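Notes for the one structure printed next.
Chain naming follows the written order as A, B, C and D, and within any one chain the residues start at number 1.
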Amino acid sequence: MSGTTNHLRAGVVGFTGYSGAELVGILKRHPGATPVLVEHRAQTADEAPVFDDGTERRPLSAEGVAGLDVVFLATSAEVSIESAPMILKAGVRVIDLSGAFRLRTKANYQRWYGAEHAAEELLAGAAYGLPEFYRDKLPGQKLISNPGCYPTAANLAIRPLVEEGIFDKAAGIVCDAKSGVSGAGKKPSQKTHFSEAVENFSAYAVQSHRHVPEVLMNSGLDEAEFSFTAQLLPLHRGILESIYLRTREAMSHADLAAVYARHYANEPFVRIYPEGRFPDLRAVQQTNFCDIGFRTDPQTKRVTIIAAIDNLVKGAAGQAVQNMNLVFGLEETAGLL
Amino acid sequence: MSGTTNHLRAGVVGFTGYSGAELVGILKRHPGATPVLVEHRAQTADEAPVFDDGTERRPLSAEGVAGLDVVFLATSAEVSIESAPMILKAGVRVIDLSGAFRLRTKANYQRWYGAEHAAEELLAGAAYGLPEFYRDKLPGQKLISNPGCYPTAANLAIRPLVEEGIFDKAAGIVCDAKSGVSGAGKKPSQKTHFSEAVENFSAYAVQSHRHVPEVLMNSGLDEAEFSFTAQLLPLHRGILESIYLRTREAMSHADLAAVYARHYANEPFVRIYPEGRFPDLRAVQQTNFCDIGFRTDPQTKRVTIIAAIDNLVKGAAGQAVQNMNLVFGLEETAGLL
Amino acid sequence: MSGTTNHLRAGVVGFTGYSGAELVGILKRHPGATPVLVEHRAQTADEAPVFDDGTERRPLSAEGVAGLDVVFLATSAEVSIESAPMILKAGVRVIDLSGAFRLRTKANYQRWYGAEHAAEELLAGAAYGLPEFYRDKLPGQKLISNPGCYPTAANLAIRPLVEEGIFDKAAGIVCDAKSGVSGAGKKPSQKTHFSEAVENFSAYAVQSHRHVPEVLMNSGLDEAEFSFTAQLLPLHRGILESIYLRTREAMSHADLAAVYARHYANEPFVRIYPEGRFPDLRAVQQTNFCDIGFRTDPQTKRVTIIAAIDNLVKGAAGQAVQNMNLVFGLEETAGLL
Amino acid sequence: MSGTTNHLRAGVVGFTGYSGAELVGILKRHPGATPVLVEHRAQTADEAPVFDDGTERRPLSAEGVAGLDVVFLATSAEVSIESAPMILKAGVRVIDLSGAFRLRTKANYQRWYGAEHAAEELLAGAAYGLPEFYRDKLPGQKLISNPGCYPTAANLAIRPLVEEGIFDKAAGIVCDAKSGVSGAGKKPSQKTHFSEAVENFSAYAVQSHRHVPEVLMNSGLDEAEFSFTAQLLPLHRGILESIYLRTREAMSHADLAAVYARHYANEPFVRIYPEGRFPDLRAVQQTNFCDIGFRTDPQTKRVTIIAAIDNLVKGAAGQAVQNMNLVFGLEETAGLL
């Protein structure tokens, strides 16, 4: 239950989903943790694996989670809001991968998630688990809110520019985001039906995605300065965001590289590309890296930034394990390189 | 209502499904017919087209179909069994794309479809609409049962060999069939969820597919002689079947080509490939062709046949229009080339 | 050779490429034209079709093109520059699908295409074939330069806003463009190798695409106002562009819809979407439509526009036929609906 | 250079290819080995990684390989034939992933690979590295020929049935094989161009694939008894083979399961599925497993077997590491689970 524990027992609720299954896979390879499957509901026959690998299973209950060091909630916001208080009360830390505890106020949650928040009392104490910004606040935390997939890439790319006052606020920042279909989860729908999504590409939640407030809160942008569109790529995993802005002063590639270096030179999971190179999804799939490439145009001051992550790893399960490592005082990269 | 009719009014039930939408598209380009959308149930907002192209809509009822020349049922077997009697009673011909009327007996339907047949009295009178075999029986028919997608390719490839007594019955015939996901229809399911089907390939209904009896009935094979496996390709449209057999006598490519020529030399929609060439899906997508290529091995008498169709055209909507043309005495290829 | 001709004979150079094959397909269905395959080089055995459909073939030479009404060049800029003068000299009109004649000056061509222009004398006389803007200039033209795929969607979406002085020049316009792989042509390369492109997504020509000057010239934007990134989608056909800007005054959806209506109300191939609906690629694939949807935010004045076309149709072959129809006085939509 | 070595230094030639890169990845995670990149030719700028991870590089020469324990050749047969003698002469073991040393005679190589074999003297001494059959012969071997991808799955599925004399030789065995595009390697070609392969499926090397003799040699089948067709799936990685045969006696699922259990009960990388379940590609991707499911029909004695592997792992790099482990006396599963 602390950094002195030799080996963590880490429960995973929602282990049949894409993020949950990714989590179990990472934890199996982790030198300092072992996954425990925590069953929120009975599995159907279809979900049962053909070969049982002997991973321990427990029910989602106070007794079920007793003795675990941490429980990951790879569930919907509704299930997280319902389960987190019980788990915390049982004295077990929670790392929540849903959007339940990412916003700070009930009103904001109501606006973007369209529902009452039934565990309002936890909002203030939840730590936003983006280690590159909030690493110092994580050790010992009881409730970690794991960032959304889109905001992880966007914040890592944008925040240094806001902090250093580099960008032209009058022009604003555009973030054109594209995600693989796994971002929509495992539940079938018309939009994610194979025959609808293949050979197709579409925008959704144009200027209205619930991840927008997460970017604003953590990057320091105002709502009026930020345009965001989410789009569905016909592939399984990966997010690429193309970010457009103008700088106040003319900047060369080296100038902007220096900005990023000041923020990320020692970050194990942020890679800044040299001039003329840009990340594609292949570069980050199955990794916990956030890769960032950019082009500046000193004459017009326009900058284009390309940021890529694997939505299931740095955008979900990998970052959750990175957070676990920090909460419990393990090596930050354990199980992730 | 006959070949002298200048222009057919053709109702389509199930026009939001993949086969139904394909039918509407073909009928719009057809020189002798006009589609009418026949609504089996109220459309949801999601299904409503963004731009109304003015195609006439009618309800599925005796009054709704009155005055139409023919109604295509691009529906499930259940809906077809429920609707066909009413439409026929209203004096309108029916071309059914489901499996409802393909088998000849109630018992056989029960075995393969796992349900009672509620319109048993129609089974005997339904004409199986595979024009290459049964062209002469189609003119004037009231109820046409449009063949299944897998059986269309399999029967066209196999039947000439059975009829001419060429194949070695002791060795049997193997048909390894692969279909795009549109064959599973438009209703979302776990198996056809994009993230499950992409970068994946799987067998289903191994030796138990309900299309098997259709092949047996129309090719002349015995059940013990025929092995059939259906498989799901990660693509939208197209069926390719690899068929394996041994011949009783050694045959060259020319010998087998002569067999097919005797059966298909004048067929507008069957194309036999020259030696060394085989059809792929690209060759048949968006067409009503069934393409057949093969390789013989005179030494071992083994023959491998590759047959390909577009499951939504020759395997469904295109063949249905081909049947309509024949029923009403139009040019067989009208709207299809 | 003029609008009074009953039936046009239309040569296609580059008919084995994706745009060229699409052109031949459209021309075969065209009520007023017949395709003639014009061979620029001998076909390899692999390129030879399995079934010859009897389409006439001719060599690319003065004798070969004699008697044709028009020749489409679905070729590289280099081949177009080499061939166009000869065809024009033979008295045959040319519709060029390459970038050879889209820019107005030799210097501009040198800058963006990185090569000397060997037929400089033709640049001034070439008509830019975007009918929605330049319809009146097309009848009787001898050399039509068919627009690039990206600029077609971008210009149709942007130009009305520039013309009406609506957008905030200080904020500029961002066009984030995504294209299917067919946009890269049929020649294999590492980037378009299946295993590299599938499950991948990447940006290329960031702020340096040769289509940029085409947008600037025809939309009225300044270079400093326009940010453009091209990206490769893992699918065959279709372009979707997400366009971001701020308006000078607050605008509702109805306000912006009125702007587009003033420009496109009578356009047969531009469709403006109602509030809350946006085009995806499926809406435009295999059609000559350019579909445009948008969302406005009166509070922040931000506007997001989604524009989609099929790069092989409205972005290439379809628009080329639309131009042919106008040059020869045929119905503009002939063969295209 | 033996099982007592604490840590193996393993060279990889062809590390930019798909199998080679997979090998490097496995070796990096291997507890008892470290990869060394052996450069067969200078890398192009495009091939150079954006971030150098510090993996040692050496030239492919006698000096370059000196001190290595083993060199993997993830190269074409031509390069393997050219390089293997030099490496062996330098006293370094070779595990060859090409087809260069899989057949036993120069004549057979000439027949199936269509070329003279320039290192004939090595054929007799090469060990065929399919551990499930030849485990005992591997320790200490100097030249291991790693099996082809198709034969690995086919032999594992078929050989037990041949050995036990179960199958009806008169009916023969059909193996309908499908592979992802990575099986064709990284070099671009028309057939593997994205736009050609996507939404497509095609057969190739019908009854003439060079992997056929590997199946015959190692399964015990005669050429006349075996029909094999290879087909290209529109996906990156994975092989699924559907195998059809008749048994001499009627067999239940339990009967056939007992046969496989006799051969594979203790195999760490072969998994036999329970009745009613079949492997798909997802089950084996990124693993070294060969999964086998089947259906028997006691009445007609027909059996359908579905076997799946990841062509880059059990079909190439994973099996190569399994072989390395056995050659050097390491735990067979090291680095592979």
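Keep this in mind: a contact is a pair of C-beta atoms (placed from the backbone, for glycine too) under 8 Å apart; a residue touches a chain by one contact, two chains touch by 3 or more.
In this text, all values refer to a predicted model and were calculated from it rather than measured experimentally.
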Going by the touch criterion at the top, tell me which pair is linked by more C-beta contacts: A-B or A-D.
A-B
Let me spell it out: compute each chain's centre from its C-alpha atoms, then which one is farthest from chain C's centre?
D
What is the distance, in whole Å, between the centres of chain A and chain B, each centre taken as the mean of its C-alpha atoms?
47
Centroid distance [mean C-alpha coordinates] between chain D and chain B, Å:
39
CA centroids of chain A and chain D: separation to the nearest Å works out as 37
Multi-chain contacts in chain C: which residues touch at least two other chains?
180, 196, 198-199, 234-236
Within their complex, chain C touches chain D through residues 18, 46, 180-182, 186-190, 192-199, 234-236
Which of the residues in chain B end up touching chain D in this complex?
170-172, 174, 176, 178, 180, 196, 198-203, 206-208, 223-224, 227, 229, 231, 233-238, 240, 242, 244, 246, 278, 280-282, 285, 295, 297, 299-300, 302, 304, 306
Please output the residues of chain D touching chain A within their complex, sorted ascending.
50-51, 198-199, 271, 273-274, 277, 279, 283
